[in-house]
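Each remark here refers to the structure printed beneath this line.
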């Protein structure tokens, strides 16, 4: 076969046309109907399991029916059969990229119903914020790394996951588990930070900061990356508000809303941080907002270690704390208390309440109805991913099929949280 | 460092060739070039990423290259909870893979359903497809995954994989019917 | 915190509000089902309210409600409404929050959809329908969202058994045939 | 007018409540959701006010009053959460715990123990006692059914009163004084009355444990489903405590009309047969078969005789539920069966004691009678068959596994189709045996000897291929060309209440889901 010399022959080769002239009116030859393309539920370029039924006009998306639910693990039904403490492992697996924040959210909801909000030991609050912000960093690292990989940039993925690995190892030192920590308890946290943790974490933050410089230099002005992110999946401020978007996605669209600042909880009023805002609301802004938030989290962490007081990490309220082991084995009172805490669970007075905090993806809340027993009568999770994913159809519209990947990546849909 | 290992194994191969065990050579080759299809659904995906990422580096076992088409892969890694809604998709992916094929259930959810015992979580992926190696843990540590991979390699070498056994059985049946 | 929101709502739409309450810092207004859309529209558009951001929509099934430490009269019985649908709203400008709760009887579990007012409630209401079987009149696309179409029943209702699975697909050569015998489960 | 004088209004913790005259303060507070702690008080027993745990302060009354003994008065103002009474109860609880052994991990009552519950609800403080505990005997055999742990006993005397009141026999007593006081059997007695296990239910701690239940299952892991005892015609209301698809014990449930708070020891053991000799799959000619094949086989064999239905007989069972019997009776009517029998266990006159135990040990004889009357059937008791099987009786459809009067030789001569839960009695001789659910496994109703129709709920699924009896009858009917359009026991019940005039006002009670004892909250 003759070597290909010009563009026409290339097209001929690719499309298998006999007559090169045919190429001029390709559109007419293509079937005029809309085509349905199914993406997922197990698709390589999407981290998370979701099915998207795209109706496409050529390459252009006319309609994208997003169907979640492939990871519906029945958080709510399982919670109704578990004690309040036993729900913590389930919350770990909601947003499994930032489990500590979910832990804190659940603890806050239960504490709200028990009237313990604001009555926790100061050190416990600080420890919670420290592990939450570490979790937020892992969340954003994973989101950025995975999205970059899905766009073909494998190196930043390796770099960022290396950073995440450092944080996982530190979190393992704190809680005993790499990923699903179940570290927080109603009324505080299960154990104190290990010795020398501050120095290790601060050293780790410095390393992460230097890796971030490398990664940003790889991505920020990378032509491919920018072309595939900038101007893609734009969301206006008004749309972002009325579709319920929160977190980095809303902030990229210019919605100035961060639970940590607007409805301050824990010790966030005592630390300084900025809330980054985007201007265009496209994927590139979402990426930049995440990178900036990551740096802000590091800033919060550094302040926390400067301010953290000594003291207990668990409330002394007998309704929520376990007695000391020595007392448990030697006195009947503590034995009963221990037994009742483990078997019956923390007794939460009847009532309903909604507690929320800034999760990795935005406002994460738990709506709990308690009936006075040791298990929640109802436990609803307001998951930001679910709300964000509902905007996906709007974002996909009039984009190309290839744009689904960055849009989806930057929505940062976490299956466990979205499908609950 | 790879040289030494490779040499020993080549010697293995030479030995088998002398012993007339040439039939083992394809399996021997297969176990070092597993093409993974990561069926990632849930939390375990985070640890799956860790396994693939620098520190644990699954590439050392020749299984680093994820093929995102089931038709090109021979190792299905079920990473995470399988739900009833996901079941048909899992089955379809498995059916699309070429023989011989192996399945690893990554994490306790894929193995037994773990602590999700409810109306939508399937009690283990083996309700739908046969599984060769189960990795416990919620999620399993990367070391466990590497251990499981080595177990699978042994299994492949010995020809004890579900699909290998089935193929053998089918061959035997075919021979019997010919006779 | 936002008691004034409840007062203003009661003053503006006295016919719509059944009662109001405040629990653990959450403001709750119980709204009549028929008046839900006007009340919601007013809450969204009134310059003093401006509840522009939807937060969540869910439902509570009271079937097993026997609260400890509360009068026996509060227990759920067949004469009380079985479901409560809750809409949580937030205002980005005024920063106040409000939960609307609508009580629905068991045999007529339907209410007007708010998906037109806040697009975020489109999926949230689908989820509530999927899990509790609450019908939202006027919803643009009311179908199951988490579960599959073949699923029978509404799993988050209290009378749906937790482990009642409805498999779509199973292996035909399951190694251990789960035969339920008189001694099944003994070694669990 | 009478209503006004019968009611008393009082204030408890600022809340006003109107209760019938003669109610005690503790019960009145309970209606307000305020569960005043108490050990010795039991609503079914005489009040002794001996544990001092329920002290409350009543305005214009200088001293704290035990709320169990204090009858409500008009305009009474009661405080249950004021510092004085709270402190008194706290200190009382502390005293109770001084000598209590640290047995929770090995105690059978743990999880449903009143002492645990009260401590967790009302005190929850750390121990202040560092003296050694007084030790008493650990395993004291009180009789054939019960073991006592004297250390755990908090001396509330509930068990003593239970024996006195329920069984009418004084078999338990206190001995010694001070912190050496113990519970023991009365001189020359042992705890062997037929209602002895009620003492285990009322025991607020793990002092009295049933030999039948102890060390078999953690109480807090059980789930409770309301049901009705099938041990005799009294129909005591019970809870089936079950887990892992099997029952672990039966405990009485309050029904003021039938059994109050009690049931007999014999009734408590009726859960054992639920697992004995169960028929888990259909059997055709001695070999297991699928339901479809078994039903076809049954229809084929019956079909020969149904051409002249006078050759066919059905046996209703006084041991099966109303629904099962109604379904079979209705089918017999549709066939025009020539013989209708009713089977049941023979009465045990020695049982009758004027309390809960009666001579008739069939749970549903009254119901079968009512159904047959309503359908115009005239059943003959099966023991009449002792005298000989009617010449024209060729095929027999038997419900249940107890058929007195039909021995193996007689059964062999007949074409027997058996619907049974257990593989015994006529079942091994049946040509076709169809497995049906036992009483604890399906939602149904039963009628006690006073004609009261009571609802039983399904606690767990029937074993193997067994299905509800009425459902089996529906399948058999369809295969023999009859149509019984029921898909739910509710449908059968509705149909039945329309037929049986006495039951026309009854409504099918909504299915009750098992209650996890762990989260029952107010238990103990």
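Lettered A, B, C and D in written order, each chain numbered from 1.
The working rule: a contact is a pair of C-beta atoms (placed from the backbone, for glycine too) under 8 Å apart; a residue touches a chain by one contact, two chains touch by 3 or more.
These numbers come from a predicted model, not from an experiment.
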| item | value |
| --- | --- |
| Intersection of contact partners for chain A and chain D | C |
| Chain closest to the middle [Cα centroid of all protein chains] | C |
| B-C or A-B, whichever has more C-beta pairs in contact | A-B |
| Centre-to-centre distance between chain C and chain B (centres being mean Cα positions), rounded to whole Å | 43 |
| Centroid spacing, where centroids are CA-atom means, of chain A and chain B in whole angstrom | 30 |
| Centroid spacing, where centroids are CA-atom means, of chain C and chain D in whole angstrom | 37 |
| Chain A and chain C: spacing of chain centres that average the CA atoms, whole Å | 25 |
| Overlap residues in chain C, where contacts from two or more other chains coincide | 64, 66-70, 146-148, 155, 161-162 |
| Multi-chain contact sites of chain D, meaning residues that touch two or more partners | 521 |
| For chain A, residues that touch 2 or more chains besides their own | 69, 72, 74, 77-78, 81, 347, 371-373 |
| Contact pairs between chains, per stated definition | A-B, A-C, A-D, B-C, C-D |
| Touching residues on chain A, where the partner in the complex is chain D | 81, 318-319, 323, 327, 329-337, 339-340, 343-345, 347, 371-375 |
| Footprint of chain A on chain C - complex, ascending | 23-26, 52-56, 58, 60-61, 64-70, 86, 88, 92, 95, 99, 118-120, 122-124, 127, 131, 144-148, 155-156, 162 |
| Residues of chain A that touch chain B when the two form their complex | 41-45, 47, 49, 69-74, 77-78, 89-90, 92-93, 96-97, 142, 146, 157-158, 161-162, 164-165, 168, 178-180, 415-416 |
| Of chain A, residues touching chain C in the complex | 67-69, 72, 74, 76-78, 80-81, 112-113, 115, 241-244, 255, 257, 262-263, 347, 349-354, 356, 363, 365, 367, 369, 371-373, 377-378, 380, 382, 386-387, 389-390, 419-420 |
| Residues on chain B engaged by chain A in the complex (per definition of touch) | 39-43, 45-47, 49-50, 53-55, 66, 68-69, 80-81, 83, 85-86, 89-90, 93, 115-116, 118-121, 138-139, 141 |
